[in-house]
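Take a look at these structures.
There are two complexes below, and they share chain A, which is joined by chain B in the first and by chain C in the second.
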Partner chain A sequence: MTEKMFDYDNLGFKAGLEIHAQLSTEKKLFCHCPAILTNEKPQAIVQRKFRPVLGEMGVYDPALLIEFKKDHTIFYEVFDSVCIYELDETPPLPINDEALYDSIKLAKMMNCKIVEETNICRKNYLDGSVPCGFQRTVLIGYDGYVTFKKDPSMIEEKKLPISWIYIEEDAARRDNDRTKGKNIFFKLDRLGIPLIEIVTDHSLSSPSEVVSAAKTLGMLIKSSGIVRKGLGKVRQDVNVSISEGERIELKGIQLLQLIPIAIDIEIQRQLGLISIQKELQRRNIQPQDIPLQIFDVTKVFSDTSSDIIKSAFKRKKRVLMLPIAGFQGLLSRELQPNKRFGTELSDRVKSFTNLKGIIHSDEDLLKYNFSEREIYELSKECQKKAFIIVIGKKEEAQRALSFVHERLLAAFNGVHQETRHVDDNGISTFTRDLHGRSRLYPDTDLPPIVIDSNRVIKMEKNLPENFMARIKRLNKQYSISNELAESLIYEEKADIFEELIEKGAPIKAVVTTLTQTLTAISREGVDINNITEAHLLKIFEALVLNKFAKEAIPDILTNLGKDPTKSLTDIVNHFGGEMSQEELNTIILEVLKTSQELVKKRGMDAFSPLMGLVMKKARGKIDGKIVSEELRKHLKKQV
Partner chain B sequence: MTEIEHLIQNKTPQGIVLTHGTDTMAFTAAALSFSITNPPFPIVITGSQRSSDRPSSDAFFNLYNSVLYAASPQAKKEVVVVMHEKSSDTSCTIHRGTRVRKMHSSRRDTFKSIGGSPLGRITEGKIIYEMEEENLPIKAKLKNKPVHITKNFEEKVGLIYHYPGIQPGILDYCIEAGFKGIVLVGTGLGHVSFNLIPTIEKAIENEMIIVMTTQCLHGFTALSVYESGRRLQKAGVIHAFNILPEIAYIKLAYLLGNYREKEKVKELMKQNLKGEITIREKYQEFH
Partner chain C sequence: MSEEKYTGYRGSTLDWLKNQGLKVWDEIEVTKAGSSLKGVILPRNELAETDFISLKLSTGYNIGFNPRETYRIKKIGRFEGRYHVPKVNVTQKPELPFVPILGCGGTIASRLDYQTGGTIPALTPEELFSSFPEIAELARVETRLLFDIFSENITF
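Our next item is the complex of A and B:
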């Protein structure tokens, strides 16, 4: 585990998890389309505009209005694998029975209570990723728990309460290659694939607990046999808070190892925001000291040499300024590695408008090629206060500054509740405000679902092997460590592991291949996705038949990964073909001949380097043990 | 029918072609589809829109292609309608017997498969299948079972087209006359005026089975979406996805003629027995 960065108890650290996993059903949740992703070219493109709708209270949902003002046009790519349901052209068909009862099975594995009758609900989706504007989601279970080890290296266990389990439709996937400016493209293939959502409570009290709980949930889900395999198919979001801060939802963390890093960075960010709050108090600045007073400072740049401003002027854009008293030096406070408070404001503008961001007074304005005179004029314009500048069409720039203003006011309260997306380095970016849990409202297109309690009882008696039991069994049956058993299960390799051993493959070679070789060749740039379980079965079958020596496995896998169209038999033959004793002797004699000097100088000590030379030529075609015996014999003769 | 039964029992032909007037051809196609389960050979129905006493008649081309199909080892063993695809004498369409409808009073290409691709087409003597995989199998579990024929159809079944201003008395008549089932052809997703609903409730209380279909022909009925539909559903009206009104009428008459239990009839009405329900409605298949 990583070194402890903070005193988590003292900070009042709390965290919870939200896990999403795609179910491996054949069909989608509310139509009969196959639940598959495709690389096909779209057969048609459908264009749509989204409009805000009045909510239950008779007012527009503010988030919908923000989305509407971006003026996006949404394009949907239609494939052979989708029907008109995905296009929001027909009501849903009755829920996929397999998906429904598979998720109940998982809920049972997490000791949940199962709902007797459940309503299909709608959850608004504003970005166009669900064509009808809402995702259909169904509550399945509640009040469950899983037991996990507080720390992977400790025996002490803890119960993590499971608050809710839902089954819902996956959203469409954004096509970033086609998306440009205000035209947003989505592929419809993923839309409607059944997705299970597991929400835990908020009681995890350290990053290592979060990792351990996430790993446990991951193992449990993956060993249930109902979810799709593969990296990224199980996605985990982490909710993090500290006493003085707020609950922040961190999304998009793919790897377990990234969890503690992302958490520590988030704590650091929250502490930074709290220190800004305290500094404002110290400076005696109040919210009313920063009114939303926007100045048009376009004329300051009338003969500017700044390229960004010049090109903006060509598109009739203006420069607007918001003076902000008392924020001097705070905008450049670093909250995350290389991300300042100013970056947070900028991210918000990027998220809520089509503008590229902001410029602020804590920045080195010379880097934008502003002249000394322009900088002087700006500071005169706002009476030497700190300021934010936005470049854009008047109305949009004004909106951008009002979002900035809103966020600045929130700074007086420290941390602002939001959802953030985490990158591969653990650094997060604002995605949207968090107003509690997204509001669910009933879907009237389908009647409530009555759960068949007899079927649930039957299923309960027939749950898949508990992963804890499996770890113990793997440990006993194959004499492998618990840690190894755990990682085989978490990485979804336990099934193929057992299958290979059953076929007679040597445990050691299988373990090395699954846990080291594949990762190692992947690091060298080989696409290991090309290597299927069927390939592994064939390779080890050949190994059992002594078609080649185990030393050749990395080479065989590398070749296969580089070009999956090659015949596996050819590859195996190339590296195999069993070298005869005679051939080996010829190689040994050749090597000894070219290494006369070495043999003379070091005698029997020359064995290791010579062994290396012989193995280079004989690798994979004959057992290393035989090579070593023969080489020793020949060498003895010569010294 | 007796003749077809005789041919089936003796298993002599490789396929049969039935010539038929076009006005009720779709009804016959559906009736044969439901009454013959697992036919041992293809049953092709064909006809003409231009009478055969004129040189331009489409009768020959349709008959030629029907025979060609019926005799082909490639042909599917189910009831189909083979008729002109276009106005030209260049190709015929093969329609599944439970999805076909006459759509023009006079044109040669009057028959269309509604709600999806037709089974296929015949052009220059070649059979090309077009229906998507998932719509193809007619109840896979029926495969390998022996042929089964039933000629029972309930006569007291009605088909009522709904219109604004419809009088509930129409239904009252059916109740008094002892009708066993009614297929309603509703508007949109399967709606009727509210003033009809009490009579529908009464009919169902009188053991009548009421099935909802749509006048739109294309698309599914969905009774949960709007208030009128929800009240119908609550009253016990059955909706059978996107089955065509006339096909629903034939299916209901077939089911009532062969199953005593009302619940069984209702359940089978919702099941896709002979390809009468489209599994997946594709984007490009509505013109």
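Our next item is the complex of A and C:
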């Protein structure tokens, strides 16, 4: 457990979860293409431009307009496995029935009500991740709940209300290797894979509750048998707020362990923003004190020796300034580890424009190689007040400063509602403002779907084994601890575990392999993704037939992981091949001979190190138990 | 034909709405087995099943519910004045070339029509300009609607 950083109750901490998981259907949601990712080279590249259309209410969604103004060109990589639906050249086929009713099954496992008639809706996206400019999304269930343990170590349980369950199309995946500047590349293979989205309410009251709830939801989803397996296939977003702050969506948290870290950093960030708000009040600064007045200060740098400015001038860029009276010292306030308020403004500029960021008066301007004279003139231009400068083509730089200005005004209200992306250290970066409602409207290509209530009732009577019940059953049937059963389920290893045991594999060896060996060799750099369940079945089949001793399992897995093209039979034979008693005795005598000193010094206590030496040569070829008995015998004679 | 306040609703569903004193654009709360949904009654797509009432939820999603099921209904408000073409003030620049645009229906700047579930063609200068404001920088435009047929309905 991580140390408690804050008094969460006192802060009015609240959190909710949004979970996404890909369904393991054979086909995509609205066409018959295979729901698989590919490593192939693209067959063709299609180029597109995006533009916003008016929403139902006759207004543009502001977030969509911002996306439009970035003026990106989108390139789609087309593969054998996609059709013209993904490219938006043909209307959708009726919704994938298997995906629809699989998601209803999951909704029922979460005690949700199922909508009687559902509309396929379009959710606008102008970032290019969906070629038609919108994602098709369908509400399936509402008002359900799951029960989870408030804290993994406690018995006390809590109900987490499930607000909504949707099924939607996964978006295209961005190809970061090819994306450069305003040219954005996407691979179309992922687009259209059925994705389930589960939205909980906002009632989790501590980071450990969030972890426990996320784990429970993960186990429930994974034990439903309808989702794709593997790391990253179940993605969780956390939304976090404190009473004086705002609800912030934290996206991209891959590992459960990162959740409490990311939450604490977000609380720290919100507290920092609130302290800036209070400081502005204390200084008696009002929003009207910082009008959007932009000055062109290009001439200040007419004979500059600053490299960034010189190279910008070569591309006909200008330097624009926004004076920000009253913000002195606030831009350098640290909100997250190594991220200041100034960084937040900069992130926003990077996200909304193609510019690289901002320079501000709280920074050490000498590091940009500005001269003393330049710095003096800049401060004269804004009457010795704080300022922000942006370097870029006039129109874009103006836009950048207007975004900065907007964000500064929001600082008077403390925390600004937005979506943020979390990195591997738990530190977040602004991605976008929360989308408005006007980007959702009914699909005109497909009629509403009436859900077959008889089918739902039948399904309800035949739901997959509840994971709580499965934990209890595994515990009883195989005498393994609840914790072990839980982690087998969470790590999606419970199925292969049961299958191996059923085939006669020894429980202890299976548990060690699944929960320890694989992790250990993965830490040593072996790619365990190369080891399939089919491989494990074969390996244990050979073990049951005594083709090798269980001690060879790590070596076999390591070899397989390093080179999956090698024949498994060859690997097993290499590490197998039984060793006779005589051969073993020869090895033991050899080891004892070379370790005379050790034996003299430590007597019977030398057993463990000697055992290690013998096992190095005998591992996998003869049962470790026999080795230990024989070694003990020989050692006793010598002591 | 259905009346304006019941656009698209027919048969016993229409009767039910009238009996409840509910109209299109009324905001209601429907409760069934302890679970509630709040939303605005939408005009009904004429091609869809007749048994359901269309609701736009506050999340923006649309669903249908069957009033014959045991729902408890509460009217909580009204949500009107939607789906108008926005008024855009366009100043045509006299120095630009004059380009007449002849409309014959189709999907240029088409708008969503709840009643048919499809799109309605739109071709007034205001509608064009509101969708493609940059046209004003390229030409002086005058539009005339010659006829109103979707391309899929045009035969030769």
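Everything below uses one rule, namely that the second predicted complex is superposed on the first by the 626 of 639 C-alpha atoms of A that agree within 3 Å, B and C clash if a C-alpha of one lies under 4 Å from a C-alpha of the other, contacts with A are read in each partner's own complex, and residues count from 1 in each chain.
Rule of thumb we're sticking to: contacts are C-beta pairs under 8 Å (C-beta built on N, C-alpha and C of every residue); 3 or more make two chains touch, one makes a residue touch a chain.
Because the structure is predicted, anything quoted here is derived from the model rather than measured.
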{"item": "Which of chain B and chain C A:Lys113 touches, first, second, both or neither", "value": "second"}
{"item": "Chain A: partner with more touched residues, chain B or chain C", "value": "C"}
{"item": "Touched partner set for A:Ala44, first chain B, second chain C, both or neither", "value": "first"}
{"item": "Touching partner for A:Tyr441 - first (chain B), second (chain C), both, neither", "value": "second"}
{"item": "Partner chain(s) touched by A:Val450 [first = chain B, second = chain C, both, neither]", "value": "second"}
{"item": "Touched partner set for A:Cys33, first chain B, second chain C, both or neither", "value": "first"}
{"item": "Which superposed partner A:Leu87 touches (first chain B, second chain C, both, neither)", "value": "first"}
{"item": "Partner chain in contact with A:Asp143 - chain B first, chain C second, else both or neither", "value": "second"}
{"item": "Partner chain in contact with A:Gln254 - chain B first, chain C second, else both or neither", "value": "neither"}
{"item": "Partner chain(s) touched by A:Val78 [first = chain B, second = chain C, both, neither]", "value": "first"}
{"item": "Residues of chain A at both interfaces, chain B in one complex, chain C in the other", "value": "444, 447"}
{"item": "Complex interface listing, chain A residues touching chain B", "value": "31-33, 43-44, 46, 78, 80, 82-85, 87, 89-91, 93, 444-447"}
{"item": "Partner chain C, residues of chain A touching it in the complex", "value": "53-54, 56-59, 113, 115-119, 121, 137, 139, 142-143, 164, 166, 437, 439-442, 444, 447-448, 450"}
{"item": "In the complex with chain A, residue positions of chain B that touch it", "value": "134, 189, 219-220, 222, 224-225, 233, 241, 279-284, 286"}
{"item": "Residue numbers on chain C that touch chain A, as the complex places them", "value": "32-33, 35-37, 45, 47-49, 52, 54, 57-66, 69, 82-86, 111-112, 114, 117-119, 130-131"}
